[in-house]
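Which chain is which? They are A, B and C, in the order written, and residues in each are numbered from 1.
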């Protein structure tokens, strides 16, 4: 089961969907793997089953998950690649913008910021 | 299929507890019946469970009159703050009697839950603490298997572990075989994610009945420096403002206007049910 | 309607008390019998006369205690007041019948004991004492004879049943009435009626003649209404019906407290 801390900032179904996407991206849920059921999600996070269903449906709408009748929900073939592509599109808005804003607030110059980013990127790839 | 009330009024002496309450609890949904202490939540539930009579107004259960009607009443079960079992009755015996009155009651499940909650079935009602009285009645509510289960302050006196256990068992039961749950509580934070629809009652009047999502989507929070927030909320419908030093958080109805000139340097967030509730019911 | 479980519960509610009551009654007689062999020629006697009179008091007390708890428990279990009341009538009928039979069995059981102690143990039912007895006056001495036969056994049961029914219905009326009273109503009512009785007593003292004639009239009415077994049964039934009807009027709007 993936770990998920619900916060009050965004709608819960969104957080459920994001959490499952993260699990697919990290490989914790491989392609073809079964997703947790609505009941499991609902009980685990004490949320309304309708909310859990809505989160799962977000994945279905994107083609990340599909339903096997009477069995459950599964991660689709090519889900990871599709998610990477989607997240890449969101990357600038979700992360870089906040990064740049914080750098500006702290008075870090453009060059300095790029340098730091480059260093971090290289370190993690070691 | 629903419990539907029509302009229910109820007074105690010169206190008007319910002032024309019209709500409906539809099948297979989890409702939050939210209100401050004394708002009329318990009175409404007591009327629905035929324990009290409305002064005027009426209600139906699946289309038929609900008061003094055995068939309608056998479809619902109210777990109330008061314990209506004789003080000398033992828990196990009480389970047997619930079974006699409600053939759908699952005694095996009730005993299993009693084990999980460490409720000794040999204890008499008089020997149960507040928390264990709640647990005893919760077990009845979870095991009775009727279409409408009304829970009045269900977690009164329960510790965090037992509350969590209760919410989980409730959701399991619901997922396995959906039924209508009405959770009446003033502990909104705990049930906020659990409920699908919200009924907010204030001083005997229903002020909101809608899905939690649509209620929350009607507003947002905006926070930042006092000057910036005050500039932004000019001319907008504001439910209330929290102040923390020079910082302000405003609860605003409508769509967030992040492109507004005054929105610069402000942070926007989702409305939180508890905050919204407090703002709506502060008088 | 949930008549069946409701009836079962109301009978269950009384069961223990009834068993304890008969247990105590039997134990008391047995205790008395223990002393008989040691009594020698003395005048010690064991007499059981009209246990139903005692049972009537017991039934009254049980009825007084049979409303609130079962009313609330049955409300918890979705039983309408109407259904509760109908079950109550049935439960009252069943328990009065059981006790009428039990009283007679008790009476006969002790009569059986009179075989080993022919001159020391006597046992009569209330019916036999009231309706199957002769009061004869011969030569200045009054003799009181009771006739026991097969038919008096049957009549005793019938008589006890109707008497207990009326008493039980009366007890239930009082307890439903008391439940409906508010706190202050209770205080005023229960403190008020002894005061009223005393006041009435002093008032009546001023009209001795009228009181005497009223007493005579009441006695006359009673002896007419209770004069024979059928009349007595009818009167008891009518009283039970009136008490129960009033109880229903009080109960149909009763709310949880």
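What we mean here is this: a residue touches a chain if its C-beta (ideal position, glycine included) is under 8 Å from a C-beta of that chain, and two chains touch if they have at least 3 such contacts.
If you're wondering where the values come from, they're calculated on a predicted model, not measured in any experiment.
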By Cα centroids, which chain is closest to the centre of the whole protein?
B
Taking CA centroids for every chain, report which one is farthest away from subunit C.
A
Any idea how many Å lie between the Cα centroids of subunit B and subunit C?
49
Measuring from the mean C-alpha position of subunit A to the mean C-alpha position of subunit B, what distance in angstrom results?
32
Between subunit A and subunit C, what is the separation of their C-alpha centroids in Å?
78
Check: subunit B positions touching at least 2 other chains come out as none
Quick check on the complex: what are the subunit B residues that touch subunit C?
46, 49-53, 68-70, 73-74, 76-78, 82, 84-86, 97-98, 100-102
Across the complex, what residues on subunit C touch subunit B?
1-2, 5-6, 8-9, 69, 72-83, 253, 255-256
Footprint of subunit B on subunit A - complex, ascending:
6, 8-12, 38-39, 42-43, 45-51
Which residues of subunit B touch subunit A once you look at their complex with the stated criterion?
30, 164, 167-168, 171-172, 174-176, 193-196, 213, 216, 269-270, 272
